[in-house]
Amino acid sequence: MLIAQDLACVRGDRLLFKRVGFELSAGGLLYVLGENGTGKSSLLRMLCGLLMPEQGEIFWQNKKIKENAENYLPNLTYIGHLNGLKDDLTALENLQISARLAGNDVTDKQTLAALSAIGIARCANLPARVLSQGQKRRVALAMLWLTQSQLWILDEPFAALDVAATEVLATRLGEHMANGGMTIITTHQDVAINARNTQTLRLNA
Amino acid sequence: MHIHWFKYSSPQTFYPLAGKMIPWFAALAVLLTIAGLYVSFAIAPTDFQQGEAYRIIFVHVPAAWMSMFIYIVMAGWAALGLGFNARLSAMMAQALAPTGAIFTLLALVTGSLWGKPMWGAWWVWDARLTSELILLFLYLGFMALQSSIDDPRRADRAGALLALVGVVNVPIIYFSVKWWNTLHQGSTINMGVAPKMAMTMLLGMLLMALAFWMYSIAVALMRVRCIMLERERSTDWVKALSTGGQA
Amino acid sequence: MNTRKTNAKTNAWTSAWLTVLKRDLLLALRRRSDIATTLFFFVIVSSLFPLGIGPEAAVLSSIAPGVLWVAALLAGMISLSRLFAADFTDGTLEQMLLAPQPLAWLVTAKILAHWLVCGLPVVLLAPLIGLQYALPNEALLVLVYSLLLGTPALSLIGAIGAALTLGVRGSGLLVALLVLPLYIPALIFGAGAVAASQHGMSAQAHLSLLAACSLLSLVLAPLATAAALRISVE
Amino acid sequence: MQWASWSAFFNMGGYAFYVWFSFGLTALCLIWEVLALRKRSQQALRLSQLLAQD
């Protein structure tokens, strides 16, 4: 279970949000909504422990995440607005390295299967440099077919995806929640995702 | 105790408190300077080897002491700021750096002014002067890093980390420079500090060092007030202060 | 039971570390021109001195230890900006921060890769340049030893500067200002070792101190670098 | 007292330039720092006053 209490975020000399809190339990889906510049991405980064909250605490299984990173990070998959791809490496290499860094020792076959699940197996051996924005995004998202972590934090996963890929991803997210996973997501698109319980958190300027 | 610390560590409460403290430290600095100058010029005897030129040590040595002392204090504030995420500590570290750099520069210039009549050269690669020079680089690096990062929180924390790295390195650098110096120069002239230095000379240096110390505190408090005003520009308390103060 | 758990943990640590190392080496291999730039810089800087000073062998061999060490130090420094900058802009740095293993541990793999790509070639090339400076054979050997022991410290300390200036405007110059003063002990002991052997003295003490510098930076620098990266990524 | 006369005092045993330059420069730097800080704080206050009026 992930609990956020009384979070506040300051960027530069601007207070982006304060008193943000929620509880997310197994099978739960949390939409983070808000205009641009209200701190959605900052909130997600905070939940990953990349950004220190100005105020407030985040708990994973009732322990503060910053003191318990060793147990928290293996349970977390974060895909931010940066794809985390190296231009000089092929899609396959990129995905495999990302997965291994996250602690999943995947084989070439598994990696290829993940790429084909999101429909870009044919790009597997192309360097990331030549891929389009949408293809790069899909390579990054293919991680969701390799990870075993329980909590997924996704920043605009549907941006730059076509209709087919969006549907595939939405199905995958539904599966994840059906298996007791949790997802925190920001999105501009209206995509239906199945979850046992769905919450919405709206950030206001 | 805990609550107290956090109360005074908020800029809004610390600003007036610092304002009240400044005149006291400034007055102490002035009094100590007068006493120090009196001892340095009127009481301390002429050095039989160096003549009157040795009187430069009454600014040089205290300035050199302060330059090192301020760096350590700065690193201390930086560590507090990093450890407890206390904004005020980081601001104090930032406020101390320029004063430390000024004392380092003064130690360098007065050292070279002392060296010219004694060694016959404006600059000698003696261990102490060389270390001061490197200390100046460390101060400049700290200030350059802080001023080139726009986000104040990141600037505070990056600067603090650099100060800590620097303070770990200072003894190593000092030792290595000393080692280098003894290898390359058979004998070094020991700056000012004769083996049996007259008590009055020591007293003069101590008084001047204390005066510089009080001055540094006063100036650091002044600067921390400026930093608070600039950072909290858009907060209500600064706005109220600026309009109320002018009326 | 407990040992198996520890074993699994050790394996995970090694595998993540090797992943980072292999990735960085692979990237360097695909961009060989980067290695060449560092080496070329080293060669050109050390070739400028004889042109400025004159070809007299006695003078050249007396300045050689200092010049070669300073050139190696500058070559290492200009390559620092590449250490984390690309990872920062493409998002792979975030992946490293979120890896289950401690960041300081993974950072050592990155620094090792950087040293293998930018430090080691300079170490291997240095004796050739030393020949141009009329260094005797023993001194050449000591030069290689001293660079071998000292350049890891340069990469380790440099990593702190690179991490602190990540994404900061004017970071290339800034990193020089931050890092060069911290390089001074390595420079003194490294160049001192070569000079000592030139004067027929033992370089042992210098080399030991240099090794001590490298060991100390090996312990402290990754921790400081990791802390700096966390600050810079925020 | 160390000095026979005021002129002996100012002469500093022939080292007048070195001694007085050292002390003078120190005084100058420290006074300049105080004045610069005073100006900085006035400027900061003036700017936030302008901000407050908006």
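A, B, C and D are the chain letters, set down in written order, and residue numbers restart from 1 in every chain.
Rule of thumb we're sticking to: a contact is a pair of C-beta atoms (placed from the backbone, for glycine too) under 8 Å apart; a residue touches a chain by one contact, two chains touch by 3 or more.
Small disclaimer: the values here were computed from a predicted structure and weren't measured.
A.B. asks: Which chains lie in contact with each of chain B and chain D?
C.D. replies: Both-contact set = empty.
A.B. asks: Just grab the chain with the largest centre-to-centre distance to chain D, centres being mean Cα coordinates.
C.D. replies: Here the answer is chain A, farthest from chain D.
A.B. asks: Just to be sure I understand: the centre of a chain is the mean of its C-alpha atoms, right? Then which chain's centre is nearest the mean of all of them?
C.D. replies: C
A.B. asks: A-C or A-B: which has the larger count of contacting C-beta pairs?
C.D. replies: Greater number of contacting C-beta pairs: A-C.
A.B. asks: If you average the CA atoms of chain A and of chain C, how far apart do the two points sit, in angstrom?
C.D. replies: Distance between chain centres: 35 Å.
A.B. asks: When the C-alpha atoms of chain A and chain B are each averaged to a single point, how far apart are the two points in Å?
C.D. replies: 48
A.B. asks: If you average the CA atoms of chain A and of chain D, how many Å lie between those two points?
C.D. replies: Distance between chain centres, rounded to whole Å: 58 Å.
A.B. asks: Just give me the whole-number Å value for how far the CA centre of chain C lies from that of chain D.
C.D. replies: Their C-alpha centroids are separated by 44 Å.
A.B. asks: For chain C, which residues are shared contacts with two or more other chains?
C.D. replies: 234
A.B. asks: By the touch rule stated above, which residues of chain B touch at least two different other chains?
C.D. replies: 151, 153, 233-234
A.B. asks: Which chains are in touch, pair by pair?
C.D. replies: Applying the touch criterion to every chain pair yields A-B, A-C, B-C, B-D.
A.B. asks: Looking at the complex, which residues from chain C come into contact with chain B?
C.D. replies: Result: residues 160, 164-165, 168-171, 174, 177-178, 180-182, 184-185, 188-189, 192, 209, 213, 216, 220, 224, 227-228, 231-232, 234 of chain C touch chain B.
A.B. asks: If we count contacts the way the header does, which residues on chain B are in touch with chain D in the complex?
C.D. replies: 41-46, 51-53, 55-56, 59-60, 63, 98-99, 102, 105-106, 109-110, 113-114, 116-117, 215, 219, 222-223, 225-226, 229-230, 233-234, 238-243, 245-246
A.B. asks: If we count contacts the way the header does, which residues on chain A are in touch with chain B in the complex?
C.D. replies: Its residues touching chain B are 10-13, 52.
A.B. asks: What residues on chain C touch chain A, complex-wise?
C.D. replies: Result: residues 12, 15-16, 19-20, 23, 26-27, 30-31, 86, 89-92, 94-101, 106, 233-234 of chain C touch chain A.
A.B. asks: If we count contacts the way the header does, which residues on chain D are in touch with chain B in the complex?
C.D. replies: So the residues of chain D touching chain B come out as 1-3, 9, 12-15, 18-19, 21-23, 25-26, 29-30, 33-34, 37-38, 40-41, 44-49, 51-53.
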